[in-house]
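Okay, so subunit A shows up in both of these, paired with subunit B first and subunit C after.
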Partner chain A sequence: MAAAPVAEAAAPGSAPRTSAAGGIPTSGWILALVLLLMPTFASDFFLVQVFGWAFVLGTIALSLQFLAGYGGMVSLVQMTVAGFAGYMVAILGTSGLAQISLGWPFWLAVPTAIALAVLFGTLSGALAVRTAGIYTIMITLAIAAAFFYFTRQNETVFGGFLGFNGVRAPVFWGIDWRAPVPFYYLCLAWAAIAWGLVVWVVRAPFGLALQGIRDNPRRMAALGFDVTAHRIAAYAFAAFLAAPAGILLTWLNGQIAPGTVGIGPVIDVLVIAVIGGLGRPIGPFVGALLYVLLRIFAMDLLVALGLSGQRFQLVIGLGFLLTVLFSPDGILGLWERHIRPRLAGERGGGR
Partner chain B sequence: MRGTTLVVTTLLAGLGLAGAAQAQQKLKIGVTATLEGTYTVLGEDGMRGFELALRKWNRKAGGKDLEIIVASTDATPDSAIRAVRKLVEQDKVDLVISPLSGSEGIAVRDYAHTQPQMTFINAASGAMETTFVNPAPNFFRWNMDGAQWQAGLGSYIYNEKGYRKIATVGEDYSFVYTQVFGLAVEFCGLGGQITQRFWVPLGTKDFASIIAALPDDVDAIYLGLGGADAVNFLNQYAQAGGNAKIVGGSIMVDQTVLSSKGRAKEILKGAVAASGVADTWEDPRWQAFVKAYRDAFPPDKRFASPSLLAVNYYNSASATFTTLDLIGGDLSDGHKKFRETMAKLELDAPNGKIRLDHNRQAIGTNFVTEVVEDAQGNLVSRVVRVVENVNQTLGLPLEKFKALGLPSRTTPECKKY
Partner chain C sequence: MAVAIAERLSATGQVNALELRGVTKYFGALAALSDVTLSVRPGERRAILGSNGAGKTTLLNCITGDFLPTSGTIRFFGEDITYFPAHERIRRGLRRTYQISLLFGGLSVLDNVYLACLGVSRGRFSLLRPRRDDPLLESARALVHAVHLDEVADKKVAELAHGQQRQLELALALAGAPRFLLLDEPAAGLSPAERAELVAILNGLPAHIGYVIIEHDMDVALRVVESVTLMHEGRIFKEGTPAEIEADPEVQELYLGHGHGA
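Coming up: the complex of A and B.
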């Protein structure tokens, strides 16, 4: 939906090429087709470790984008909510840590894990909503840090530093859902659903009220809207988006450990949302793809250029720095301001 | 940081050469090391050891050129899985040498179970469970585990130093649990007491609360820390005026810490430790290796003497390349010949002969050492006792060893066995 006007501008001739090259949709349909047909031409590694991971991180960042972009609340707790859901699946379901895991069947463990994570996200939101701006960031970061240190120290429930290994995706309907192609579609499906939900919610009365609260909470309160309740509900909705993504992340890695919910990953989710662009729900996915590609290939890139692979962290940092420097509204903003007008200009010149 | 610049650029040169060779004449080897986080210096020295083996084999094994692909981790199991998965599934390497750190090892072993076509050679990780519990048939470990690396330490501090009561401070993860396990089995077995065990998270910066809580009524403090954690602890302990006698773990009293700048390491003078290497061992194989290490890297890009990690990476790579030579580089039978040959191999390593047990776990030589200052003013570890043929059950019968339980914060209990 977000891509529709873009498609109009770039339609003649150049559409398929741009879509494949940049990963930025020139048309929602072409993007959907490419994503659906991905397994026919992408390797298993790209399906799972690049796109699967990008969809998962993108969805978690989307939950942040929803809160930040439409609710005006920058919440750093989203990765923690996702990680919490992942931990719950490992604790309630089966894992290599048999003395802790309860061994529930997946159809019970997964919904319970999501419900608990939504509860966790809602409670975190209830703590954070009465603050604004930097204080929201601080409170949510504090919750995230506390959860990280708690999981690392606690052995009886959270398994300490090593966490849970051997957490497998379920096998049902004769399909192993962790096999590359099914898992790719699983991640794609949840990413698409989450994206669709956000697009839908921001146009629904609740979403419009939330945006009103973002812009002027006092006036909304005067109009009779319960500002706090709306904000907490937004946190609950965001947690509902992030929790399944956290479970997918756990299945992707086959394990969950404190490293997954550490301060680094928590900040990474913010970085992903910001470099993708906070303005639109598609932004976090663009940011996540860039992030994942940099994380995986930065070292190879340096080595290929004849430099020391040791500095790969620098490449990642520079990539993000340049994005934010040249486009404060992320990659999407870059597209809007530079590439789209040029495409439109070319078409105009041809007339 | 600068140290591996050289390593990676030289690897790159090898990569370029290998690229020119024909595809079937090339073997891709994937390697992971902790090139980020608390254990960065350990990872870098590990890669130096790997580079030494590469040079010795002239980047060829089994008649084929070697192409090396390095992936970085940060000592967490998450990062190890990501790195190894990239090497196996994206880079399609022929063999994997990984990982460096204890909890990573357990995660990689689990991953190895899901990739039966691939063979994993442990690089340096030392958690006991990796090969002792649910061992993977395609996972080989050419270094001893953390408990084996403490062999001889408990009896030395009890009998020679006369320590009766100690407290331990260790990083809160598998490798250090295993180290304390090895120490406790021997020390407590003789009648020694471990009065308290402190566990700090990996990557701790502020040790003030631990230092304040350290008991005074003990004969010595055992430190099981590594990398930046070890240096941070020593700095803060020195500032707090600490002067207890120190007993060290294998990566605490190691060149990765002894070569650090500043006065903090002075506390380690006279510390007793045990490890799979000893800086001043007289053995000609070791001396030749130290010379090769010193000749290969300029002084500011290496330690005074190779660390335990450099030796482990060197041994893992040597075992891999030797096996490849023996089978003519032929992995076409699904690694069958490679695994059979490697399982039977006896490696004449710089730190003594190493062979594998039925779990593909190393049986080797261990060293009890004391830290002394050498003629150049470097701190080095001097051998005080050599323990040969240390196996994973520390010489105990298997059933009795199993009854001790698996290493954890509280296991084993400190009592006579």
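Coming up: the complex of A and C.
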């Protein structure tokens, strides 16, 4: 680096810490426009079953990405937190299981469900944060498995094996939010808000400190940070991202049952985050879209090839293996390393 | 709370900055520290010398709370901090640097120092991004200047030269309002020119900031302290002024080797 830019950067008026934020790139604006105009050209099936589902799964995976990518804590409890919120909405609000559901109005049931799920996520975090690496994975997996088996066996509150059906998005402001287009915008809105929150928080003092703790917890304690409290707060924030997504997932399926919070879905969220890329908050959404497309279309493809449609898990598993082996930073990593440099070839040197 | 602060303030200057009594640390059956009793006045600058394995770094780790002593008490400005978590000690004005730089390689120099300033401020959990004239950011810039790193303020720490990383390590320890520093071999791996700069930085610290410095390089150690403690196999072996220690024949034999004293 030449001397002149350095002197300029050290001048009092400049703000080096905000330089990384920059502006939103053109591609970002185009993406936002396409997503906003999607209902004008996409079918209802694509709006809800492909994009709605991908936004919801992506947001849950985003809460995992936030903890893993910025906090260095791989938590498998995020799907459970989301499912917990879904269960709470079914229990507190209305469902087909009238003898259990309390029938609270949605404006009371939804915030209460989110608050309880954040509490659940925070407590899970409090259990997990004193461990590291594989042990964090084990503890959070244990909590997820315990919750799964609990919901399956508990008939009186969690509705047992069948769970709750008939859990629907409410009607308010004269809009039926369970209709495809409004529901699409609902999912898009929370995905965008959650993404924006993560992008904001990781450059705020809280997020910066969290990354410091990820890189060097001992040093952070020696700088005056309460490492444990900071990590628990990160779990609380991640739960706040996942909980509304869990409610949206419940509305999307119209039901919540133990299968939603089973070990399979719990692992799927990890797979989504890893395939997409743990490095940046957009990664989980890329992973989720790919996952959803594979789940929907791999079956047809496999059947066309003369294989059993049930083998879609094999395709997803292979995708996960290939990602871990050849691009540990996910599809985003592939993009950053191979495609973007080519696109930006002639524009290089600006930094 | 207010009373506690008043007590701490009134204690400053009257009691010892650091008061260790019978500090013992076992690792399994190995006694890394045996019955270490040591007091350092506020503003005093002291070197701890000793061969490898003498327990110097273990002693620092016990004082900062990286691990707890097996027995004994540690008082910091009169307050018993023996069982305090590390971050509580730091918030009371204790600071340390590490023998092997413990920095945040992926962050810029300024962000590293900003984190250190944040750690001893109230904004640790803040979700608001700092403004351009944020006081923490201003003090971070001032610290970067104090350790002569202005020119690399925006560089990633991983890109810095070893000597610059050592200077940054010192800047992190100076964040907030330090009352006492623990410096673990700050000159390790520095070139002669960088050593001279380190001596200048240490001697330029405000007089009220005392420190304990572990250093193998006598030329650095004896030039920046007023008292010396010698450790040997986990025990305190000898105490004195730099001149006394340098003149002591036993010490010369053990630690200074031949051909020293130029």
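The criterion applied here is as follows: the second predicted complex is superposed on the first by the 308 of 351 C-alpha atoms of A that agree within 3 Å, B and C clash if a C-alpha of one lies under 4 Å from a C-alpha of the other, contacts with A are read in each partner's own complex, and residues count from 1 in each chain.
Everything that follows uses one rule, which is that a residue touches a chain if its C-beta (ideal position, glycine included) is under 8 Å from a C-beta of that chain, and two chains touch if they have at least 3 such contacts.
The model shown is predicted, which means the values in this text are computed figures rather than measured ones.
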item: Partner chain in contact with A:G212 - subunit B first, subunit C second, else both or neither; value: second
item: Touching partner for A:G224 - first (subunit B), second (subunit C), both, neither; value: second
item: Which of subunit B and subunit C A:P170 touches, first, second, both or neither; value: neither
item: Which of subunit B and subunit C A:Q153 touches, first, second, both or neither; value: first
item: First, second, both or neither for A:G317, with subunit B first and subunit C second; value: neither
item: Touching partner for A:G279 - first (subunit B), second (subunit C), both, neither; value: neither
item: Set intersection of subunit A contacts, subunit C complex versus subunit B complex; value: none
item: Touch list for subunit C against partner subunit A, complex; value: 64-66, 85-87, 90-91, 95-96, 98, 102-108, 110-111, 114-116, 118-120, 123-130, 132, 136-137, 141, 150-155, 172, 175-176
item: Footprint of subunit C on subunit A - complex, ascending; value: 1, 6, 9-10, 12-13, 15-18, 200-201, 203-206, 208-209, 211-212, 215-216, 218-227, 230, 233
item: Subunit A-facing residues of subunit B, complex; value: 1, 4-5, 8-9, 11-12, 15, 35-36, 69-72, 74, 76-79, 81-82, 85-86, 89-90, 103, 106-107, 110-111, 114, 172-174, 201-202, 408-409
item: Touching residues on subunit A, where the partner in the complex is subunit B; value: 43-46, 48-49, 96, 149, 152-153, 155, 160-163, 165-166, 253-255, 257-260, 262, 296, 299-300, 303, 306, 308-310, 312-313
